[in-house]
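Each of the next two complexes has chain A plus one other chain: chain B in the first, chain C in the second.
Moving on to the complex of A and B:
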């Protein structure tokens, strides 16, 4: 809906208009039926018709007026909110520059919003300093008190606010909330706020102990793998100590293992590249695929991970072979080129495409192999795919480089 | 003291920059939408512009392109945005931005950047005559 406020008033007005119209049409139907039977004089029918048209006109007018007044009020309300936000921003900036006092608690909604938005705007040390100022003003205590409220909406708003504010003092209460909150939505929001808070901890023992507590709580939170993955990405620089711990737990649920491995790849954590390498042969195909994808994203194959990649090129599961093919570009050329040549003949279109693209990313040796494949690969579909990727590459660069170029 | 124009639809950000840059000795004016921002930018009365990318009524990068194509070839412009940062940064620099600052930012870094960019700019605009847009401002 385009309306932000006034659902009840709008619903009531529409209901009234429809009721009036239905009653009017009903009366008209009865009167005209009686007229057909000769029981209603023409003058009565005429009066009824004029009355019905008049009522319809009034109903349309009422709806139009409502819409116009609504727009007018919305605009003035938005202006009022913007001016309140500006006024409160001034209060906070003056407090930040010590040219004005801290505002007294409890803060009105615009005061809280302006403070939290400023916190969100300021990065690094500035942000941490401003968070300290918000805490001194009592915002942290107020939000934590709201977290214990019996009203669910109030608790959710407090969690949202704590996620923006990222008060270090709120970290442990947030973890408690992840453990004890009755609903999954609250556990999710509390985890998100805790992850954002932990991401702000400076490197050191406090971050290490916070990471241990967060890792344990997340592993037992029962949150879906996608949500857990989001939390791990939110941790940013604080992610490595969190990721090291749960991934070392042998009985870690598979979805969490997958989320952790995926986060290592997305965050490009080279120091943890042994973790995906260690699960590249995991019995769960999604974990295998995540591990191969992570190594591809990090851009390195530690230890004997290359052997896992080569083995995965022949995996029974198509999406594992796709990820293995993408990671195969990291193998030594003498291994990668024949492996990707073979991949061009895979029964899966996706694997053939990934093989051709991996070859293309290998530079001139890969491009030459692609041209040779386009000309004389024994598999017709492999020839087509190689030619297609060469054409796509030529089109995207605007350069000559079709399938027939440079084939000996 | 340098004159800074901030074009952003966020009232909190505008007020924040107005006050905090004011504390650092800069005079700040604000525009909240594309037409007002474009008109103010082409007036050439500022030593530096801070532009948001997504504005009501148009894109901040369009303001930047029109500025660079016309009277404000040399005016330093900082693009300030929090969306899809790498992509926006590339687009902003391609459009002629002098610098890109992502949100969240360090205030000291922003102030330092403003002071660095405004130090060596003799005149905000060249000799070209600006064609002012006819759209009304908010």
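Moving on to the complex of A and C:
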């Protein structure tokens, strides 16, 4: 972690020093080249060299002084701020319990930090009440004004602050910022702050309309799929209305579709399980794998999704077969057990492993099949894998266990 | 003198040009590196890390620890790795045919029991003899294998790794608690990222609590202090700069995070070199460039790993000799990339830079010293000019060191005392008075030992970090 002040000034100092040095080196090189070819008198070269040594010495001195002064100043400043932070926390606690007045704006840095940290700490109704208090104190307006600042550093700090604060009034400006921010970092931070804010909206029409706006903005944000997926997971209870919308867009980019399907699985959204089921036969193997993984995580195979799972067990792509094998545990036992028995003999190590683990998760019938596989599966590698998973299971439960007979 | 004069002029012009270009490149990458650090500092969000931890957004990581004879440090290192702040990870220690008590120390400290383990042998390695699991830490796996070198041990650990990300760590490394969390974020946010290197800082002189660095003090010996400066220059300016330029060639073996699949795809760590970290990164670059697939290999200054640096000149010379031989081995293996436009800025800038200004630098430097001495002896060097020129070179070296010291000052975990800062500033002056020359001579010698000493590591003596309090015996079941 870095100190976030004094670095820009240091960067400027280093840029100045380096520019001077590069120019000096250039001049010196030209002069010495001319001197070696007999076209520059020795006295000029001597003066140039002395000048270069002097300038470099000054540059070293300037940097040294900056470092020492910065070190000394930051040390005393941080000691002061640490004590201020404690005092400001007390101020906010008193304001929250109405035993003290709201602090006047503009807040010093420790005052803002103490308030935002307290906001993050307080959950539910208390948190929302404290957010209202921060807004009444003017923190929201202040951060939104900083968001419109021309200085990138100020904007980044404002976005971070709004992410902690989760002011409902900042939601739309944050979405605007996702749409208009010049850099990906700002779009990412604005999306995070907006997602966290939306997650705080109580159920109702406001959350619905917010979800619609968020979904549209995220789909067009140009954020990498991983980042978009992260934002979806931050939505918590506000996720379903958001996820329904972009996934219904036919021209949705494949990476976003994958991120959305993945989020449904990770959030365990049973009501949306039709969505992964609907794309389980998608032409893109990554989407197929995401869909199968999502269904596996949700723990249900809606409609005719079981057929997709069975079909995917024979997919040409290894990672699709792995996910299908994991989801196969959700098939009816009479289908799952023989499918997973066959999976133990798959050429892929990962599919064999997934098959054995799925069997183990099926409870006693699966464990029995696994023990039988360890003993008499026709494929040697299948026997080995079954034995290994039985050993792992025994180790994790501390119980004695193992194959019925002989470990390969 | 008439006969020799054109030759002397040509040599002086060449040295001057070399000096000028080298220092301009140093300044360029120094500035790019500093900008990268400043930008990263601004873009970091504690909120993002908090969300990642609370919502299980992370990608699970397998931490790979190759260990040969590490009996002094291994227990403390593994303890420190097991106490990382990360929701899902495993630690795989690959004991590479140790001849000391490394394995026994692990067995005793972590209650290891032997257990056969089935794994996919995706990369060929020397035979794995035994695998162990811990009765206390379900996420600790230890394997014992026939000695095959660090790269071979890493490959064996890669084979056992279960997770999509792998972190290659030295057995004497200590990670900041959130180092993996900070580094792995980048993989989550950008699918094109295949590898990330973090900052390595010397742990000599540091104080520890529960296997974590709790306080920093500048080390006692000057040889260690000089290395604090060197690591600062290398990581806060050099690697940051190359990364910003999109041509990072080195991710330190002490701490690097990779996607597992590409590492397996390119064949794992190459066992034919003593610089397997750089070689793997070059091979990953090469692989993706040849495939025409977008990818990113990054350095990020924030995740910090502490490592024990040699505390005597003898050990340091041995280490630098090995590094330099490794550099030559890597450049030789991938020599067709150098000046090859097919590899973009990597082939046209980074690889030539490493050849001309890193691999050949000690040769130029030593030849320069020899010419200077001969020139003084035979009176064809202007003494005041030569002295001023040397002074300029020394001051320029100090300038680059001071930039790195300045960056270190901005770290929250910096050397806290003003006295320490003064010592580091003084070290920047003193390192040019003998230290650099000794290392230049060692690297010069290494240049001519590449073939003869191929794959030779040489022993490393560790002081070791203090181990945390022993864990209580598990209650009988």
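In the analysis below, the second predicted complex is superposed on the first by the 325 of 408 C-alpha atoms of A that agree within 3 Å, B and C clash if a C-alpha of one lies under 4 Å from a C-alpha of the other, contacts with A are read in each partner's own complex, and residues count from 1 in each chain.
Just so we're on the same page, a contact is a pair of C-beta atoms (placed from the backbone, for glycine too) under 8 Å apart; a residue touches a chain by one contact, two chains touch by 3 or more.
The model shown is predicted, which means the values in this text are computed figures rather than measured ones.
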Notebook entry, point to check: In the superposed model, does chain B or chain C contact more residues of chain A?
Noted result: C
Check: Does the superposition put A:89 against chain B (first), chain C (second), both, or neither?
Finding: first
Next item on the list: Could you look at A:127 and tell me whether it touches chain B, chain C, both or neither (first, second, both, neither)?
Entry: first
Margin query: Contacts for A:97 in the overlay, against chain B (first) and chain C (second): which applies, first, second, both or neither?
Written below: first
Next item on the list: Have a look at where A:118 lands relative to chain B and chain C in the superposition and call it first, second, both or neither.
Entry: first
Check: Which chain A residues are contacted by chain C in one complex and by chain B in the other?
Finding: 120
Notebook entry, point to check: Which residues of chain A touch chain B in their complex?
Noted result: 82-83, 85-86, 89-90, 93-94, 96-97, 99, 114, 117-118, 120-127
Check: Which residues, counting only chain C, touch chain A once they are in their complex?
Finding: 9, 12-13, 16-17, 20, 23-24, 27-28, 30-31, 34-35, 37-38, 40-48, 50-52, 55-57, 115-120, 133, 138, 187-191, 302, 382, 384-385, 388-389, 391-392, 395-396, 398-399, 402-403, 405-407, 409-414, 416, 418, 421-422, 425, 477
Next item on the list: Over in the complex, which chain B residues touch chain A? Could you list them?
Entry: 11-16, 19-20, 23, 103-108
Note to self: Considering only the defined contacts, which chain A positions touch chain C in the complex?
What the structure shows: 1-4, 6-8, 10-11, 14-15, 17-18, 21-22, 25-26, 28-29, 32-33, 36-37, 42, 45-46, 49-50, 52-53, 56-57, 59-60, 63-64, 66-68, 70-72, 74-75, 120, 152-153, 156, 160, 163-164, 185, 188-189, 192, 196, 224-227, 230, 233-234, 255, 266, 349-350, 384-385, 387-388, 391, 395-396, 398, 407
